């Protein structure tokens, strides 16, 4: 019965299903809600607390629904002397960017929203590099000193984090010999790229925190200095929107890490259907990765912006370049292409 | 310059030698020396104390004496060398309360002098930042007066009980 | 003063009762207090978010900014100088919003009746919940939050239905 | 540089030569009941001005209406975390006025409560300090739960978690309850275990040291000149602690050392606090082991024997001193309180003059001094 249903969907409603259900809007929304809940519960356990309990009776699973319902009906305030159109539009556009990048990630062999062959890896990086621009616009349009400093810090952090992360991804491209994400995942069925690209993975993992703007690199929204950073002035539904953008950004980068280094959808077949199997494994890896991320978030103090830039330029970029050289030597000299 | 460690008694003798009759030792204890000086020599005494190792001001304030018609200003200074407190007091007139600042001698009294200015209504001449420190922004000295003066009326601020407003 | 009610009514008035109930449920589980520390009950208020009392179980998440919060909290005594800013913070908060007063000082000047600097919150803004005590124990503040939650859930208006949670 | 450009509210823009005036507080995650006006150029800080008075209550005026027993209640509210140490200064001043020495058992009970309060206050301060350095609130939350056993003990002894009103001139209100000794010793063991965890996770954490080492260096001579108090003074290498320099309560009979550090930076100030917790644990153990038997309070004579007294005590934030002038009634004529935070705020204001500070350094700088606004405001 289920097989038939999946077959029916695949034949008749494939593009629509992908965009609306999985891995499209519904999946992204649900996973974002899950990720916030997961973070709150996970961090609470590390702080010896319970986290949300009573909303929804079982482990507070409806907590984020309650928060969203409340935020949706809150008043929306436009600060005085703010650039209202930009204030609104940049916030609305923010979640779209990482969501568009997720369209390129394969969830099963030959199964991605934007199902093309070719330069998808580069396209992913290109789309994701737009994300900070909208943060800067948000911070600038709010007419608030805290948001403006947050926006500037985003630019600094972007310079410190984006170059090493792109260089480390380049190592994977060279190792795989292709820019295509689907090919890259397919090549990892025998060995995950985290083993040959371990140095690159280290660089990716550290820069990852700069890109998702979480501690120890949550410098743009440094709570103790800048309240909420660039999103200080957003209220109600718009605040929900910016938080959504934040977590979809985390989702996109985490998916990218799983895809590049941990074999994407590859895994032992426990479901007969390749889509179910791929989705299961990718989500499984994602949840483990998020747990590691949250543990790192709680374990370190925030770096200063100059320390973050120094980390990026003095350590990460040389490491990434070293990784490139080693990759080229091993691939073309030792293994002979 | 290395100072020789002394006790309050020795300091009182030194002060007597230097300033003679214009200084009155009111109380001499194991770790305290309370004394009273004329306002005219207060700064000289302060400088003398500073030279003799009394480097950290630990308290400063004023007391209102309507009966004697004076305001008494006091400075408490601790010495990191001698490890006791010298407590200097002097009187200024209540009608025209003003004295020159001691910031150049002990910078730490900066905020104390500001506080004395606003709570006691004493004009501190030469102070770089005489503006409200503790009192609310809408405080009016004409209507509400200076809180630490003895004629200040606190009863007007007493809140009514219960729900009456 | 009545802005709070207007907005609540304006947005949810025409909706069916079930939808209204659903949104009220959402609000009741998501009361985010603003971080405005006015007085000395703050250590006790902080203990509330620690493991022993853990108010986050009820969805109460202490937030940094006034723009995203729902509950204005007065933690302890409120001086005149602070009240000017507190009013401003209250105006910055988006509707709907509630005011929760913790401690005897903020309610009635507590142990400082003759103080020339303290004021009572109820003279300046509508208050939804008082908790007495100096300082109130975390259990009491917790109970006050639950009472406030009930108020939000059942849409009790603040006029004429002030509740005082008595402790000790 | 325009140094003192304050107005009550931040206007639309007040940029002078590309300088920002940032208002940190009174509604801000790191500000307590105060405001820090930070003059910045992007990330560089040129000036910090501390605006206090947001919780001013006029305690000095209120005390003029109260007799020495009634004065205990408003005074305690100055620092809710550290009520007994604050009260210690006042009680000492009154005892000096009346020429009364408390009984030895009362002295030991006072010492135990003082040190428990100090541990609780230092834990709170260190938690906030970690949070100000950009930590996720985990450390702060840990300190809240580690404070609870101390608060339980205090509740057993005095009947209140924070505001004990337990010290009165001439002794303490009541004797220790039964079974408190085992309870205290157990809690001290528990705390020592927790401190080991803190050392691993936090005090010697690399990112924490990166953020705080070399920030806000306060040289020894400046610390004395500007009047820094308490752990801030000791972190600059001044060997000064009122508990030893002006012995009171049971401290002269107990064996302990002053914790000092020579670096004088923000990390050193935090480190001194952390080590002082260990000293306090040791002191509590010694005091509870050696506590003598006897009465716990003494009646005051009808008239004070002295006219004025200056008493000092070491609170968790530093020295507090009380100058009391009386005209022989049961009420003080004038009480001058000079708390530690009031002095430390002045030091914070002076910091940008001697060292380059970045915007991200401001919260750790402020919280390394452990400010408590109600303390400064009175």
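In order of appearance the chains are A, B, C and D, and numbering begins at 1 in each one.
The working rule: a residue touches a chain if its C-beta (ideal position, glycine included) is under 8 Å from a C-beta of that chain, and two chains touch if they have at least 3 such contacts.
Computed from a predicted model, the values in this text were never measured in an experiment.
Q: Using C-alpha centres only, name the chain that sits farthest from chain C.
A: That would be chain B.
Q: Taking contacts as defined above, which has more of them, B-C or B-D?
A: B-D
Q: Can you work out the whole-Å distance between the CA centroids of chain B and chain C?
A: 42
Q: Please report how many Å separate the Cα centroid of chain A from that of chain B, as a whole number.
A: 62
Q: Distance from the CA centroid of chain B to that of chain D, rounded to the nearest Å?
A: 23
Q: Rounded to a whole Å, what is the gap between the Cα centroids of chain A and chain C?
A: Distance between chain centres, rounded to whole Å: 36 Å.
Q: Provide the list of chain A residues touching at least two other chains, using ranges where the numbers run on.
A: Residues 47-49, 223, 227 of chain A each touch two or more of the other chains.
Q: Please output the residue numbers of chain C that touch at least 2 other chains, ranges allowed.
A: Residues 50-51, 64, 79, 81, 84, 114-117 of chain C touch two or more partner chains.
Q: Could you pull out the residues of chain D that touch at least 2 other chains?
A: Residue numbers touching two or more other chains: 8, 28-29, 53, 56, 58, 61-62, 65, 141, 145, 377.
Q: Can you name every pair of chains that touch?
A: Pairs flagged as touching, ordered by label: A-C, A-D, B-C, B-D, C-D.
Q: Considering the complex alone, what residue numbers of chain B touch chain C?
A: The touching residues are 134-139, 144, 147, 152, 154-155, 157-159, 161, 165.
Q: Can you name the residues of chain C that touch chain A in the complex?
A: Residues of chain C touching chain A: 7, 11-12, 22-23, 25-30, 50-51, 54, 56-59, 64-65, 67-68, 70, 92, 94-96.
Q: For the complex, give me every residue of chain D touching chain C.
A: 8-9, 26-29, 31-33, 53-59, 61-62, 65, 73-74, 77-81, 124, 140-141, 144-145, 147-148, 151, 161-163, 374, 377
Q: Under the definition above, what is the set of chain A residues touching chain C in their complex?
A: 40, 44, 47-55, 60, 62-63, 65-71, 73-77, 223, 227-228, 232-236, 239
Q: Quick one: which bits of chain C touch chain D in the complex? Just the residue numbers, please.
A: 34-44, 46-47, 49-52, 64, 66, 76-77, 79, 81-82, 84-85, 88-89, 105, 111-112, 114-118, 134-135, 137
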